[in-house]
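Next come two complexes, and both contain subunit A; in the first it sits with subunit B, in the second with subunit C.
Then we have the complex of A and B:
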């Protein structure tokens, strides 16, 4: 029996100072060309928190605007505002940077994150009023250190600085003196990933309305690696985040597959639940500091705000079939295999039509396809085009080739079965999963019956293979079928008795 | 058209990946001197 998606949570953290100091586009530029025009101009293009909240794609990510509503607003979106935009949304929230730094400290169990006294005094009261952050997390925030201590650690002790509004407010210490896997830089990246994952988990549990102890397994599908020099990617973000989020009854593991990891993780979670190994499995992912401001040079060149100023996170609860919530149909799962090949036709065949053929479905039988949902406001000015649109066109082209639609219907197909992108360019965050929250709502409301979630990952970036990867699955309306009960002992006795009676009657009939 | 030409291929994961372009230009008589697929997001 298929498992179901019981709830989802989506969060963003607005971290413009991390864009400046930790995004790889900026750190690489600072190393190669410290006096560059880009670095000098960049601060003028940073958005403040209010602007990040009012940004239409961000409001869509946290569920205050549907993809359909976003599509009705002409692009570009960076010069428009979501009127009356608020921090909290149907699926989660957009956390400001100062509160996020405190959350990061509460996720640190090795005394690596330190913040200045005045910064903590100023920020802690606001985080204390957060509806989902309780004393268990707040009690881990330290009183703070003197500013001189912050300066000393950053300038003498190889600590990674933490800034807020351009001011030095804290630091992340290195966790080892020679191991680069535990350097201050890596610890900062990993603690950011953990903290965003924790925030997504808190929203998920709140939305699901379940007891935290009901979660028995957590899968982290972000793109960072934690470990030391003897086991560089040892893990495990999943259990670490589950600990801070208070999921005391859970264990878990990390799944890595570049941007395709969330789709892989959901298929695995669904299989674990369907097999009866676990009843409630959470798939979670935190955000990535390295990708902040990734396309910043192009944005600044074109006079556009630095739109990649948010970290993303999400969490999904996969549970035993309740007869109501949308089912993950793992029978309709597509795989880009080693032998698939790389032509667009081969890729779409493997991910889309092979699983559909297995279920006797046509391409047009899927109401919505969720592909790489990157926000085109970010990618188009950088020359990467409209990524979701390119993917939809490839699916439509295959539908034409199979005779399921006419060539002149490609535009209409894209409009009906596709969506505009709204997710930040945080790698795994835009990959198929941003639609799950909306998809569940739309299936429960009867607006759609089936959605296909497609995740793709650029494995070649790791230089272990030239291949890329992709997997897909179908999310569909619950059939309402409950788990078949196994025959009871009484029923089995009755069946045996009936069979023996019939056997005896036959014997007696033959003897007569 | 490409017979004898030396070609550098930069493919796009979400568009046409490198190996697919390689096959195409080779069949048109070109020599692929470098090929890579990039992820632009």
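Then we have the complex of A and C:
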């Protein structure tokens, strides 16, 4: 029996100072050309917290605006604002940087994150009023250190500086003297990933309304690696985040597959639940500092604000079929295999039409496709085009080739079965999963019956293979079927007797 | 263009001679195709990679341009590229590529 998606949680953390100091576009530029025009101009293009809150795609990510409503608003979106926008949304929240730094410290169990006394005094009261952050997390926030200590660690002890509004407010210490996998830089990236994952988990549990102890397994599908020099990607972000979020009854593991990892993880979670191994599995992922401001040079060149200033996170609860919530249909799961080939045509065939053919469905039988839901406001000025739109056109073109629609219906297909993108360019974050929250709502409301979630990943970036990767699955309306009861001994006997009778009758007919 | 790819293009051009190298692009946007073509002809316009200030002047074509299309077996093109051809703005890609070639191509 299929498992269901019981709840979702989506969060953003607005971290403009991390964009400046930790985004790889900026750190590479600073190393190669410290006096560059881009670095000098950049501060003028940073957004403040209020602007990040009012940004229409961000409001969509946390569920205050539907993709349909966003599509009604003409692009670009960066010069418009969501009136009356608020921090908290239906699916989660947009956390400000100062509170996020405190949350990050509470996620650190090795005394690596330190913040200045004044900063902590100023920020802690606000985090304390957060509806989902309890004493278990707040009690891990340290009182703070003197500013001289912060300066010394940053300038003498190879610590990674932490800034807020341009001011040095803390640091992340290195966790080992010589191990580069435990350097301050890596520890910062990993703690950021963990903290965003924790925040997503807190929202998920709140929305699901279940007891934290009901979760028995957590799968992390972000793109970071934690470990030391003897086991660089040893893991395990999942269990680490589950610990901070209070999921005391859970264990878990990390699944890595670049941007395809969330879809892989959801299929695995669904299978674990369907098999009866676990009843409640959470798939979670935190955000990535390296990708902050990734397309910043193009944005600044075109006079656009630095839109990649938020870290993303999400969490999904996959549970035993309750007869109500949308089902993950793993039978209708697509795979890009080693032999598939890398042309877009081969990829879309493997991910979309192969599973649909298996289920006797047409491309048009899927109401909505969720692909790489990158926000076009970010990608278009960077020359990467409108990523979801390109994906929808490819699916439509395949439908034309299969004779399911006419060529002049491509536009109408894209409009009906596609969506505009709204997710930040955080790799795995936009990959198919941003729509799950809306998809569950729309299926439960009867607006749609089936959605296909597609995750694609660029494996070649790791230089282990030239291959591409991708998996897909269908989320569909619950059939209302309840768990089948095991057949009784009497029922089995009567089934065997019936089969024997039919067999004997057939034989007698053939002999005649 | 990816810095590693720039390095590979430069090494292959050094090894076989720029006149013997043809670059085949598959970018989905004319701007991206143009940027890649510019990189392997005039040099890296972002001044970040190994082709910065290196004008190889290579012949660069997009797979949907007629010169390339005619080199590919019809069935292979049908199976691998025809779907994309349907969704790309092929005219704009052709225009961009031929503009870059006429300005910077040396062969």
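The rule is short, and it goes like this: the second predicted complex is superposed on the first by the 487 of 512 C-alpha atoms of A that agree within 3 Å, B and C clash if a C-alpha of one lies under 4 Å from a C-alpha of the other, contacts with A are read in each partner's own complex, and residues count from 1 in each chain.
Heads up, the rule we're going with is that contacts are C-beta pairs under 8 Å (C-beta built on N, C-alpha and C of every residue); 3 or more make two chains touch, one makes a residue touch a chain.
These figures come from a predicted structure and were not determined experimentally.
Participant: Quick check on the superposed pair: does A:26 touch subunit B, subunit C, both, or neither? Answer first, second, both or neither.
Facilitator: Once the two structures are laid over each other on A, A:26 reaches no partner at all.
Participant: Looking at the overlay, does A:372 come into contact with subunit B only (first), subunit C only (second), both, or neither?
Facilitator: Once the two structures are laid over each other on A, A:372 reaches subunit B alone.
Participant: Which holds for A:458: it touches subunit B only (first), subunit C only (second), both, or neither?
Facilitator: In the superposition, A:458 contacts subunit B only.
Participant: Based on the superposed arrangement, let me know which partner A:384 touches: subunit B (first), subunit C (second), both, or neither?
Facilitator: In the superposed model, A:384 contacts both subunit B and subunit C.
Participant: Let me test your reading of the model: by the given contact rule, A:466 touches which partner, first (subunit B), second (subunit C), both or neither?
Facilitator: Touch partner of A:466: subunit B, not subunit C.
Participant: Can A:325 be said to touch subunit B (first), subunit C (second), both, or neither?
Facilitator: The answer is neither, since A:325 touches no partner chain.
Participant: So, does A:397 touch the first partner subunit B, the second partner subunit C, both, or neither?
Facilitator: second
Participant: Check whether A:425 is in contact with subunit B, with subunit C, with both or with neither, and answer first, second, both or neither.
Facilitator: First partner only, subunit B.
Participant: So in the superposed three-chain picture, is A:407 touching just subunit B, just subunit C, both, or none of them (first/second/both/neither)?
Facilitator: A:407: touches subunit C, not subunit B.
Participant: For subunit A, give the residues common to its interface with subunit B and its interface with subunit C.
Facilitator: 341, 343-344, 383-385, 390
Participant: For subunit A, which residues count as touching subunit C in their complex?
Facilitator: 28, 32, 297, 341, 343-346, 348, 383-385, 390, 393-394, 396-398, 400-401, 407, 410
Participant: Can you list the residues on subunit C that touch subunit A in the complex?
Facilitator: Residues 28-29, 31-32, 35, 46, 48, 79-84, 86-87 of subunit C touch subunit A in their complex.
Participant: Could you pull out which subunit B residues touch subunit A in their complex?
Facilitator: Touching subunit A from subunit B are residues 11, 13-20, 23, 37, 39-41.
Participant: Which residues of subunit A touch subunit B once you look at their complex with the stated criterion?
Facilitator: It is residues 341-344, 347, 372, 374, 379, 382-385, 387, 390-391, 425, 427, 430, 456, 458, 460-461, 466, 468 of subunit A that touch subunit B.
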